[in-house]
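The chains carry the letters A, B, C and D, assigned in the order they are written, with residues numbered from 1 in each.
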Amino acid sequence: MDVDQLAGLIPDGAKIAVPPDYSGVAIEATRAIIRRGIRGLHLVCVPVSGLQADMLIGAGCVATLETSAVSLGEYGTAPRFVAGLKGRAFRMMDATCPAIHAAIQAAGKGLPFMPLRGLLGSDLLASRPDWKVMDNPFAEAADPIVLLPAIRPDIALFHAPYADRNGNVFIGRRRELVAMAHAATTALVTVEEIRDVDLLGAEETAAGTLAGAYIGGIAVAPRGAWPLNLWNIYAHDETHMRQYAEMARTDEGFTAYLDRFVHRAAAAE
Amino acid sequence: MDVDQLAGLIPDGAKIAVPPDYSGVAIEATRAIIRRGIRGLHLVCVPVSGLQADMLIGAGCVATLETSAVSLGEYGTAPRFVAGLKGRAFRMMDATCPAIHAAIQAAGKGLPFMPLRGLLGSDLLASRPDWKVMDNPFAEAADPIVLLPAIRPDIALFHAPYADRNGNVFIGRRRELVAMAHAATTALVTVEEIRDVDLLGAEETAAGTLAGAYIGGIAVAPRGAWPLNLWNIYAHDETHMRQYAEMARTDEGFTAYLDRFVHRAAAAE
Amino acid sequence: MADFNRHELLIATIARLLDGCRLVATGAASPIPGAGALLARARSGGRMRVNVLGSIRNDFLCDGGVELFDLAAQGRLDAFFLGGGQIDGQANINLVGAGGSYPQTDVRWPGSFGSGYLYYLVPRVILFREEHTRRVMVPKVDFVSAAGPANDGTYRPGGPIGLLTNLCWFAFDRARRRFVLETVHPGHSVEEVRDNTGFDFDCPDDVPETARPDPATLTLLRDTIAREIAETYPRFAAQIFGVSAA
Amino acid sequence: MADFNRHELLIATIARLLDGCRLVATGAASPIPGAGALLARARSGGRMRVNVLGSIRNDFLCDGGVELFDLAAQGRLDAFFLGGGQIDGQANINLVGAGGSYPQTDVRWPGSFGSGYLYYLVPRVILFREEHTRRVMVPKVDFVSAAGPANDGTYRPGGPIGLLTNLCWFAFDRARRRFVLETVHPGHSVEEVRDNTGFDFDCPDDVPETARPDPATLTLLRDTIAREIAETYPRFAAQIFGVSAA
């Protein structure tokens, strides 16, 4: 399966969970999603995003954004996120990181909800009618606690260093990827390469493996996180990130960026 | 620190979480606990136990037992467990495996409780006044769901293949050990050996590591799970397990077993 | 029964009951369900995954002891096996103890394990208990480790599809909350089932014999599955099939 | 200020505020808190652990992105740092946006990150925002990402101990829900603080100067800590200390 075929498994309107920049982001697959013109996505950032959310928003793929933050980090504001929000291009669901983790874990445990401390008195809570406050029934005095409904993504999408010959994927200590895959109906994964090994065959690698039973599609995408880094395997492309941050500041610049790096780059292959 | 010193960190009345036989059970430390005459333990089996619970019960160390099962597996009934229960030697809290996992995870997340599906209409639920049933506030129709109070052990106690030079412990894919350590105030761990490596230095081993920040004491105990197996590193001692199952059938036999394999063996060293 | 033994019949029956599953798991001390699941997988054309607890080759769980339960709650686990020291006619199962007054029961078994959860969540639970006596098949269990389906509208995607014993296969009629004697194993009779069952069950006038394993199935079982199950259950495989691990 | 710079003063002040902690963590883009935590650790005689997000050598988290939050909830994390696009006099913080009408704010920042949780659970939260202007220090934040302590009896083991800026250190008086100007940095004045603060705060008649880092601290910082922080923040370390990673 190639990356475009993988992207083809994502229907319009799907709820997609994606990881933070440090976990391995499927940017090559993101370009494929944009090329296919997929629309109406409910993007769940577990728990934050950067370039990926900004590109998908700018390309008009996103109907709902659920996240604790969107930022290009040292490259500054995520310009398409800010512009899209101002232009009401999508519905915004602001959260705090552990709330998204907890709601994802609730889905992975088949629970309707998960309680979470914190949040009381915040506008995060006030702006989320889907979150409820109950009184902790185990406390003697009044003890309000927030209940978060489970987030059940249709798809978990991420990029990892490699898959083994049996379709298991190495995720190392990035356990948010495991949580996302458990919560989602299926996981779509791009990898740098397929290795002729058995990840479940040794205790060391098994501990950092997402089993193939959770995975609905794997595509090989060398440097598939570019221009982001993949763990400490390759660094982010500073020049390109600066170029993106600059070009994405305007609608025209972003269109030119897509034309050059998403549409034309693929056509040239 | 040696195993007897490690056991000395456990006060009378402590709530101790221990893993199932396949995860790495600290039996050498269990013998040390019995030698020290520690009393009044609240033993939480995560989620079941075998030889360890049976020995601790037989030696009079246990005041409360919270577990989903106690069994010697292919060696049959856990005789001291059954005798102790009949003799009202301890308070019994019967559970089901995922309920103990969930309550341990609740503590690891600092939550007062965790919901869990299942259990409705069972005598497990009826016999546990500490478990509550609430109506799922996210459902439109009536939808009762069980809430389990967090289990916060004072100590998580287990045996693992090795620790690194920085006090991190390799636990591989036995993530119930991570959950136990996160839930407990501190973890006490016996290991086969200390290796001059840095487990957090490589992605493969980091994925299977419990960080030293959770660990309050490590003692080297070669073959520290004996006569149980340690993962697939060494097998259980079939002859000894049969001997235990036979001797532990009577009070006198169990006393003779302790004398020979717990008290006298240590004195001979 | 000259051409197959009791274990082979049970394994082949289990494999048939698992037909169409995507993911099947077996628990501790379950050689017959394990062999049945591996047989079903071999005939599934690659559509079925099997997770055998205790296996190295056929165990993909790598997220700790909770993963099996999470799999079930996610709706990914289609079938599982449960037994019981007592089983009653409403499919309540008891893994805790009998007689006396809980917790001081006259007989005490190890405990409920995961039954109080998996029984509610796995769509195709096969109750499997070889011993078919009035000691096991009781009118009412003394302790409910996991309740039969109550049909009261509470969340219950899972439950028993039936009960397999050394004598017969009962299907469970969830709407009527009763077992129905569906087939009796070769060499046994409806009377024998009735004499050894302490609970009421539905019994059609004509109860067919449990399907005998066909030669192709027996060949597959003895040539291939026997070696696969020997990895996890070497004594069982040696005793039943005379083979050691592949 | 001939013998130390502003960054060194902030780092030394943070290290002092962390004295006695067992475990301190720093978040993304936090070189000054990171250096302060490493300095505090160096002076703790081995009693303090520090987790620097983004470090290889000083990051023990290996249970995924949720571990930091779980650590906080377990009560193991003694101190953390939070900032905000706006901070008000009741210690409410806003990391979402200002002006307009949420979610269409005139200015939009990245989002609340973990603040809506950690602020409630970590006992010693240090609010750290270098920019000290009326744009940041407002009478009332436009959006509450995380609320200042309400003292209403709800579960709240955590909260701010104070607010460190380029101009001063405000302690937070939790009982009175107000900041108290505790020290003003060398080279700045109470008037300057007042002019640049949009919220009311308590101001004693005599506000001492923030303690200057002593020579031993500066030596430790420049010789050792600078190289340690360079591993995670090489540009910062090069710019402030002129060093590269150890």
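Definition applied: a residue touches a chain if its C-beta (ideal position, glycine included) is under 8 Å from a C-beta of that chain, and two chains touch if they have at least 3 such contacts.
None of the values given here were measured: they were computed from a predicted structure.
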What is the chain whose Cα centre is as far as it gets from that of chain B?
-> D
How many angstrom lie between the CA centroids of chain B and chain D, rounded to a whole number?
-> 40
Taking each chain's mean CA coordinate, chain A and chain B are separated, in whole Å, by 37
Rounded to the nearest whole Å, what is the centre-to-centre distance of chain C and chain D, using the mean of the C-alpha atoms as each centre?
-> 59
Taking each residue of chain B in turn, which ones touch at least two of the other chains?
-> 109-111, 116-117, 143, 145, 173, 178, 206-207
Multi-chain contact residues (two or more partners), chain C = 56, 61-63, 73, 121
Connecting every touching chain pair, does the picture come out as line, ring, star, complete or other?
-> other
Pairs of chains found to touch, sorted by chain label = A-B, A-C, A-D, B-C, B-D
Residue numbers on chain B that touch chain C, as the complex places them = 20, 22-23, 46-48, 67-71, 73-74, 77-78, 81-82, 85-86, 88, 92, 94-99, 101, 105, 116-127, 141-145, 173-179, 232
Going by the contact rule at the top, pick out the chain A residues touching chain B in the complex.
-> 102, 109-117, 132, 134, 136-139, 143, 145, 147, 149, 171-173, 203-208, 231
In the complex with chain D, residue positions of chain B that touch it = 107-111, 168, 178, 182-183, 200-201, 206-207, 209, 211-214
Using the touch rule from the top, collect the residues of chain C that touch chain B in their complex.
-> 28-29, 54, 56, 61-66, 69, 73, 95-96, 102-104, 108, 110-121, 143-147, 150, 153-156
Chain B contact footprint on chain D (complex, rising order) = 23, 49, 56, 59-63, 70-76, 121
